[in-house]
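Mind looking over this structure? Questions follow.
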């Protein structure tokens, strides 16, 4: 709902994300603030936000496959890995610039996913989940078996630094800005997709895959498309990650990470790209806080060390995800919508 | 009074109020029908009685549901079944992979008097002879009418004092509707049992019931003995069908505007 | 002379040893409302599923506008202009009313994945064009006050109307309706009957109506086909079928209620 | 004071001798591409520019010509407020014909009277429902030749030779257009300012409706008065909502629409009005007191469901609004700003009234409580006093808002010239002169003659008091001031208005005349509010009848009556009352279509209850016949509690 006094004379105007002037103003200020953030944030903080933004792109992709189209995917981190490795290979072996290497990484991840998405045409739910886990299991095996000249085998690959127009993009700040630009672009794409014909087809399949084909939707095509586009996002995220960590190894892309991605999406809310953003922020915040507390404790209590902290953090994360699932199965996005609606109709209790 | 709803309010998810101050009396041995448009709150009323609201995030937020003088609102649904309130849900949800016999026996699973159960099963077959031949058939392959009979039979095996029926004739062929209705009449005549029937097919419901309530937007807008309601012009036009009343009108002649309702008590 | 839009010829459908449809033929002509009635379990649903393409018949053919479509998938049939509504609640609950109806236009829209992602001018225009068409249906079905409401928040009767709206979005050449009147009171049935007649009269779309409500069926249909045990036992105009003793004993009964 | 004189307006947008069609033509040539009409359609607001609208009007006009409508003929209109309805009326005026508009929920017999009395040759009927009504009359009313419908839904099966769609009418007009391309402008040019534009049927509270003949000048002058007093600007938005059958809509929509000119907007459907109002947030709007009351009680009812803390905040903000709205001093202003920011701005936004700079309540009877309520939330509601025959006379426009008064005499168009003069006669009746003059009743020379006195002043029939500040206070209709058997005179209307301002009471019918020595009242409870009240207090009820007789509800009503009684001297106080077991309804002829009470009918139908009010029993058995729209009837029986007020005899 909008404030009163706003009328639409075209459907395009009605579809716009930002309608009122205050909305536009706040949003513009927010974007500017994001760009200026590195000037005030500590290197550590800027780095953390950078990783957060990279993760967001992967989770946005997951939102499309799982949230929009309802196709369960437990192998997102493998597709992130494919993106990272292919980007690395492009940058190292062919010395391509990052703005070419990363999209190639993304596309390759997308194409790889079709292999694992194909079964989705026939199976769903639990069985599909298992197929995607297979992607996750096969990924490190494939990397280590492929010729060393391609992906560095089990040694991993070292990344060159990013360059734009001959200038090196330097330090946390530079990477932060590149990541931010990618995030803005891909968030826009995800939001666009949701209101488009393809997005509607995805949602239709999620809601009722018996009715959707009778309404003219080619199930096989759209299920594969959902996997493809979700994995492209993952691959892009992987490419950015490769540049950020400067060194890629297969161990970075675990099943556990895929589960965390899914957890982020669950907490944030599956039904909107906004959920991906919320989820990443919340989980990252939790992780960072527990690390802080853990670091503080490990200096003081003798038996607290890495071997305790890591599982403890994960147990906490799991507990939070379960708690959210119980109290708000639709994620933070629903809370956000309720709050927004309540604000609009305030002080009325209902519309 | 066997069952009394006093000012019952039902709220879903803490925000959506579905029932507003509903009062319904079910005397012992009577059959009460609840009529109303879709979304008026008929099924919700039944679920409030049988405590099945929780599954849909609903609750009785106010008022009392008195069963034999005791408030049973928001109690454990299994306990309610044990006390003799048994609901036949809408949508004919049989256990598809079990046989008809297994389905039937499930109705009696909490009963202690195992030896009598066999007798009761026999009685169910007397009401629904068709079921006897289907005993070993997998329930999922039954036709709609057969499933409905199975479900009513299963409910009977729980030895209900009140049987709640949610849309028992929905989607059934006219012949089957007739059969189910006459079975219900027979059951009511022979068993010591009250019933609440929620129905869109008001003709069917009123032919079994002796008292009826009309729900609209979660409120009772009208109630009375069936003879009285059958005479009401709104009931005739909005529930009993166009052909009843005076000169027959056809669905072909329906206008593009509506006559206003005049709900009056 | 009216053209035949859809014809099913001697359809037979078996699952292993069970014969769901033994031999059903049906012809639907332009501007006709054809009712299909029969006891529960007579094979109506299986027959409909053969028409929609969920099942492929063991023998027999389905022809649509003179073309053999027996082997086509459901979505191809939808693209050709076969639309249907479903039993019970089968709308997309998390979409708004307008989005549900808009989703019916899927096969007429052209924009693909890239267009959806970029949402550039042409895609926006296409969307706007089809929203306009969807709004025509919204007006037709008198859903204006609800266009932006999530379907999940609506009652059963309205959802059935949205289901119908979505099918109309396919711009159908034939409409199959599976028990649209089930669970409705007389008033709602009246509304729906009016919509069905309007669809036929104003849009000239023939309709196959599977329904148990005899009052409605006998009132609004032009042709009634009665099936039992997978076979057609009677067919013809309502008055003829109504008095057919075979139909009375297998289906109609005494008509007390 | 017994006499005051108004002023001349200063706004330069004067009538200057032009009739409504002439103004229309002029506006269309000055601002061809500006929006004139606007409707919500297919989810969007679709604008109609001046040139588009004029084009449509001209086609309709030629269509009317083709149907044989001559200048001076009458054309009737029965429709909700839609673009086509407005265009049709402008086309009627452009043809030099007279328009008689009817309420869309009028029954066939009411319609018959108007069609017969106005001798309408064509009736514009919105849709199938109205066509069906008109069709039953086409052979009965000899003058009626054509039925023209706007909405073709469901009309495809009709083949009556005298029924045609508006498109068909336009098609028939095309020939005339090519043959006489100048005719449209010529006729428009010949329509004089003093010519009668419309016949407005006043929903008579007694007898059959009378047709008031209102001229272009009359409508435009009243429009000018509003424009000048409330600073209505060119391009201000107006939501057309009250029926064209009401003279007020003729003034605000039809006349002021072209004079200001405004953007006249139409809701998508009658049931989406609140929502569309919210979307539009118009600058100018006119509601009846009842609509304002409903808006306020709807909000009140909503707040019943709010969280207790939110409710307290809301009540605090309301109290602050009442106390500090116009107060000076920093702390007052701060508190007001807080209340506005936290609550009141939201309330205005929800109602769609945040931009309304001239929200008007037309007609008498808006209670002080509702009036101050709207002022408290920052909506500058103004009373507007006028009548079909006297035009718009007074309103709050000089910056003072006294809820009890109807405001000050309005400024007259300087090109009309004569100032408004208000005189109070010896009997307390308001006599008016000046401004554009009422043209008398249609087919009723006696009534027309009676409406003016020898001095040529218009007799309003209203008992009015003029304060020292020049504000007008409406007491009652002169004929409605009533005398009890013991000779005591009391103002029944005052009682009714104040009772009705309670959210629990929808209507109050005061009884007590020369046959009785006490005052009593029949109460029609507000089902929504009383229902919520009962729910909050855990009271059981099923039907309206049961709700109305709940002891707690009756107690609540008694409390309200006691409060109102406090404001009057003892003999004028309500001594006993009962709550009606069914809602008053226009279908049972208990209310007029504009929801005014039809006392005779009510007295008749509830005679048993009235008798009991003056008897000794604590309850009575009541039988009421109710009528369905298709003419069928049935009888409803119920037991009604008679409640006597304790303080009546002190």
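We just call them A, B, C and D in the order they show up, numbering each chain from 1.
Simple rule for what comes next: a residue touches a chain if its C-beta (ideal position, glycine included) is under 8 Å from a C-beta of that chain, and two chains touch if they have at least 3 such contacts.
Bear in mind the structure is a predicted one, so any value in this text is a computation, not a measurement.
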Average the CA atoms of each chain to get its centre, and name the chain whose centre is farthest from that of chain D. A
Taking each chain's centre as the mean of its CA atoms, how far is chain B from chain C in angstrom? 29
Inter-chain centre distance, chain A versus chain C - centres from mean C-alpha coordinates, in Å: 41
For chain A paired with chain B, centre-to-centre distance based on mean C-alpha positions, whole Å: 49
Please list all residues of chain B that touch 2 or more other chains. 255-256
Please list all residues of chain A that touch 2 or more other chains. 10-11, 350
Where chain D touches two or more other chains simultaneously, the residues are 43, 153-154, 305
Graph class of chain-chain contacts, one of line, ring, star, complete, other: other
Between which chains does touch occur? A-C, A-D, B-C, B-D, C-D
Would you tell me which residues of chain B are touching chain D in their complex? 6-7, 9, 17, 20-21, 23, 62-63, 213, 219-223, 232-233, 255-257, 259-260, 262-265
Please name which positions on chain D make contact with chain B in the complex. 127-129, 132, 153-154, 305, 531, 534-535, 538-546, 581-582, 585, 587, 626, 628-630, 632, 634, 636, 638
Partner chain A, residues of chain C touching it in the complex: 52, 73-75, 77-79, 83-84, 86, 90-95, 99, 102-104, 106-107, 109, 111-113, 115-119, 123-128, 131-132, 166-167, 169-170
Per the contact definition, I'd like the list of chain C residues that touch chain D in the complex. 98, 131-132, 135-136, 138-139, 144-145, 147, 194, 198, 201-202
Chain B contact footprint on chain C (complex, rising order): 37-41, 87-88, 154-158, 179, 182-191, 193-194, 197, 212, 214-216, 219-220, 250-257
